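Before anything else, here is the set of structures, which you'll find just below.
Two complexes come next, and they have one chain in common, chain A, joined by chain B in the first and chain C in the second.
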Partner chain A sequence: QKVSVEVLDHLEHLALVDFRDSEGVERLHKAIQFADQLCEVNTDGVEPMDSVLEDRWCLYLREDDVTEGNCTKELLENAREKVEEYFVAPPGNIPLPKLEERETFLQSS
Partner chain B sequence: AALTDGLRSQVSAALKEGRVSPTELCQRCLDLIKSTKFLNAYITVAEETALKQAEESEERYRRGQPLGILDGIPVAVKDNFNTAGIETTCASNMLKGYISPYNATVVQKLLDQGAVLLGKTNLDEFAMGSGSTDGVFGPVRNPWSYSKQYKEKSVPKSHSGEEESNWVITGGSSGGSAAAVSSFTCFAALGSDTGGSTRNPAAHCGVVGLKPTYGLISRHGLIPLVNSMDVPGILTRCVDDAAVLLGSSLAGHDPKDSTTIQDDFKPFELPDLIDVSKLSIGIPKEYHAPGLSSEILALWSKAADLFKDAGAKVVEVSLPHTCYSIVCYHVLCTAEVASNMARFDGLEYGHRSDMKDSTESMYAATRREGFNDVVRGRILSGNYFLLKQNYEKYFVKAQKVRRLIANDFVKVFRSGVDILLTPTTLSDAAPYTEFIQEDNRTRSAQDDILTQAANMAGLPAINVPTALSERGLPVGLQFIGRSFQEKQLLTVAKWFEKQVQFPVIQLEEVERHNSGVFQHQKSASFS
Partner chain C sequence: AARRGCALWRRAGRPALGPFPRGRSAVACNVGGGAVPAGKSGLAPWIPVVGLEIHAQISSNTKLFSGSQVQFAAPPNSLVSFFDASLPGTLPVLNRRCVEAAVMTGLALNCSINKKSLFDRKHYFYADLPAGYQITQQRVPIAVNGSLSYSLCIDNKMSQMVTKTVRIKQIQLEQDSGKSLHDDTRSQTLVDLNRAGVGLMEVVMEPDMCCGEEAAAAVRELQLILQTLGSSQAVMAEGQLRVDANVSVHHPGEPYGVRTEVKNINSIRFLAKAIDYEIQRQIEELENGGTILNETRAFDSKLGCTVPMRDKEGKQDYRFMPEPNLPPLILYDAKSLPANMNHQQVINIDWIHERLPDLPSVKREKLVEQYGILPEHSFTLLNEDGLAEFFESVVKQTQMKPKKVIGWILNDLLSYLKQHSLTVKESPVSSFLLAGLLNLLEKKEISSTAAKQVLAELWKGEGKTPLEIVKEQKLELLQDQKELEQICQAVIDGQENEVIMMLLE
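The block that comes next holds the complex of A and B.
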């Protein structure tokens, strides 16, 4: 079963990475084929496991006290584009171009 | 003191008694790093800061106030741990030039104990891989490729050109750390272990590789791959040293990592005289996996006999879902990766594309430029498995299978078995040219098969170098213990290490650095 171009396009949108070439798509097909082996296992009555520490109640809420911060300078240091204390991003709310308009390998398929 | 000494036994004593100074030790390691550059074990060498740390340590020793056993000891850290002021790349274009603003908790703990941070070691990009061959800085070479032991066994060719292409991989993804410890450029190194990434290269490089129980050591500052399975790993030349690192600083609750358990960690020292006759050792039959080399099978059997002869109860056990752990891992790993890699968008740190049309297109271009095929492949697969129409069938299903795998171990340990004994890898290290003939996912699926289940269940596991293969390369065996029973696990490992007396690597470069004033020690671990 091949994954449809619509789904591949959808994945590129969700992941914001591209398949790049037919090898990339093949890689996905092989990954799915591999994962399909899971259905061989009988999991009736088995609960999904989120964490191996589920019996230990690790996750807790701490007190809502400010214990650290004031590190604006350090946090901005690694950003390439910034203005005063802001990270600068290109214009938002512009969806990625549709499949037909994008430069993507998927166009040819 | 020689670069080949064990921490607790010899180096620490030598430092205290002034027979060697921290700056001398540091300088020798730095020199050795330079002369073993061809191994490509280090991405960044922090020469200046290391020497400064060594000087500070020296001052403390002069005042008679060392911070502990680790004071002045040169260590290396895998390049997926944040280190303040030092570049942290994860061997990816995405983080080239990224200077961490903070230290990972484990790094901070080492520094607080006075350890000297020599540098950051090489890995597969974002720790995805089992060869340490897929990072942007190139592959790591296994130091044993250049050992007398390996060269003697290689079919003699007339020119060094052959030797150049004959080198073997370190295994991965913590290959740089394993190579650094193996080639004596540091006394201990941090790795990470998600599917075997510390134990696998430890086996191939002939060093001790410990994967602690999930929740014992803080992951704060370890750039995450799979949050529910990642742990920092410890690589050392002998089991005692691993216990020192675990106990002197690394283990314990961290308020910055809510997945660390809150129980107080009691540091321990391993006994010198060990009696294994009261132990029950389990041999899981499913670990006789397809592709397991006959050599390793024989060693495994011999090891079981060693325990039997010492009076331990050795029983065959079954972990029936072992064969599904790789598939399960494949789904859970890619799913968590898809989520974890979402933070790399070029806005706050790391690589940023010049694309300016829109935020989304900038993100897409940044990620296209920053990630290699392996990383992109896993992100896309992960997103596929997490699609609404696939979620139950793949992700939730895998979580259920995970429980079955974890329960297999619970059942076995409940039946009275204390420790499991298994091989760590299917064979000794492959030559690089052979290894790269298969793609990353295939290799990972093959190589992780013996190590992955321990991550699934969160259990502690350790590789102990056992013997040399027919090709003159290291082979290790793995012990898997009960949750949070690191003391018992390490005690058994230490006993085993003493029995097998794994040979010291004979590397020309090391011998040169060791000769002169100080004696060359005969064994990697004291006896």
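The block that comes next holds the complex of A and C.
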């Protein structure tokens, strides 16, 4: 079963992944095929597993004491642009243009 | 990308409608049963349906998954750890206090606490969400199936109150995002991550409400409960309590209509306005043959209307997945308490339940029972921060019956404070002074008119005692029978003509 162009386009919008060419799409199909093997196992009446530790470990709980923060300078070193002590970002999300308006190999599929 | 109700949000385009649409259809919430408003003549009535999604910031020293401090209005990006900034190689570590806050809140709202709850990732891109996902509890939240009771006045009369209940679908723990400041002139967004990662409790209410007034009353009661528990300070103005309303209308007997989500509501008063406006807008639209879009709208408080929020992205797909870095959250009760575990790592639901403070509804009942005041009085006492304590303090210090004291508290004290925008804590008249004044009145040393005069003088806060003011202004009541007779006789003697005229009439 092939994944439709609409779904591939939807994935590119959601995850900002670029399938780039037919090889990329084929890799996706192989990955789905590989994961589909899970469906061969009968899991009727079996609860999904959240953690290999099952009931043995509960999540570590931290005390409510201040131990971090106060490193504005270090954090801002990573920023390409900054204004005073703010990170600078574009005015809003710049969505991927629609399929028809993009130069992507998906168009020709 | 998800559009959230950030107070600094900028709107696209002009509002579609001006303030309140003309020719309003009457929407009266039928307090007895559901809402069955009267439509325009000849048209079927409409039933509005209102559900709320409330985000309450947890009152804690540090964030949900990191040890950064939680504080309002700190220098930008000063309360941000490497994890909050989503730098690679960092991991979430759950804050015990946040879990306790959620359990307390769940118990106070009559929820079932899930002894095992899970964390998930909700993915979307936005500049103030550095990881590209929010850690939340989508599959199995910490608390489910609760209820919240609240009271409403019928017809604006305080004397007739009715109790309503709204079902709580669930309460979940999740991360807050950072803050975006939009700079339109330079076409950029400034991002401050101080708030990113702060713990939130999302309280999801079922659509059991039918109008703005009900929603406002429910939120007000929730606010009081959270403040009593201390799990959240719930101050809407500081963004500690954010409310989004889901609104739709339909005809009786028909399926629910398309709903819109209303965001950017900054006060309880605006919540009622926004919901009522949206109900009217939808009714008008439908009665004029239009349709309702499943969209997100922002409330414009200046214009008093809701406007569409630009959303080029279409329907959101959050691609939920289990948070791989966090195993399930296990809570215990007295029965299931493990024997050999470090008690700092154990949260006992029963232990928390035993230590819950009296909720507002219980406090009100106690006030009514103990002091013989009316239920509506107890509402006003609890509605004003510190007023109930002030009242009880005065009652302790005076012989005057609580039923009489309450009048002085609610009519005189409260109206003065409101007039001068003062809180109870800022009152120039202390409970000691007021009690002293009421004692003079009770002992019949002054009349009630004189008492009001003394009170007016006490407001000046010049440090004089009631007794000093009474002496200064010679307001003492004469108790001597003979002296009173002499004065009366003198008055009659001096006004013989008027007395004769009176007797002849």
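Please note the rule applied: the second predicted complex is superposed on the first by the 98 of 109 C-alpha atoms of A that agree within 3 Å, B and C clash if a C-alpha of one lies under 4 Å from a C-alpha of the other, contacts with A are read in each partner's own complex, and residues count from 1 in each chain.
Here, a residue touches a chain if its C-beta (ideal position, glycine included) is under 8 Å from a C-beta of that chain, and two chains touch if they have at least 3 such contacts.
Note that the structure is a prediction, hence the values are computed from the model and not measured.
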First (chain B), second (chain C), both or neither touched by A:E85: second
Between chain B and chain C, more extensive residue contact with chain A: B
Contacts of A:N70 with chain B and chain C, given as first, second, both or neither: second
Contacts of A:R62 with chain B and chain C, given as first, second, both or neither: both
First (chain B), second (chain C), both or neither touched by A:M49: first
Which superposed partner A:L16 touches (first chain B, second chain C, both, neither): both
Interface residues of chain A shared between complexes with chain B and chain C: 10, 14-16, 50-51, 53, 58-60, 62, 71, 75, 78, 87, 89-92, 95
Chain A - residues contacting chain C, complex: 10, 13-16, 50-51, 53, 55, 57-72, 75-76, 78, 83-93, 95
Residues on chain C engaged by chain A in the complex (per definition of touch): 1, 60-62, 66-69, 75-85, 87, 93-99, 118, 123, 125-127, 180-184, 187-193, 312-313, 317, 319, 322, 326-330, 344-345, 347
Chain B partner contacts - residues on chain A that touch it in the complex: 3, 7, 10-12, 14-20, 23-24, 27-28, 30-32, 34-35, 37-41, 43, 46-53, 56, 58-60, 62, 71, 74-75, 77-81, 87, 89-92, 94-97
Chain B residues within the chain A interface of the complex: 98-99, 101-102, 214-215, 228, 255, 258-262, 321, 324, 327-328, 330-331, 334, 338, 345-350, 352, 355-364, 367-368, 371, 373, 376-377, 379-381, 383-385, 387, 393-394, 396-404, 406, 439, 441, 445, 457-458, 483
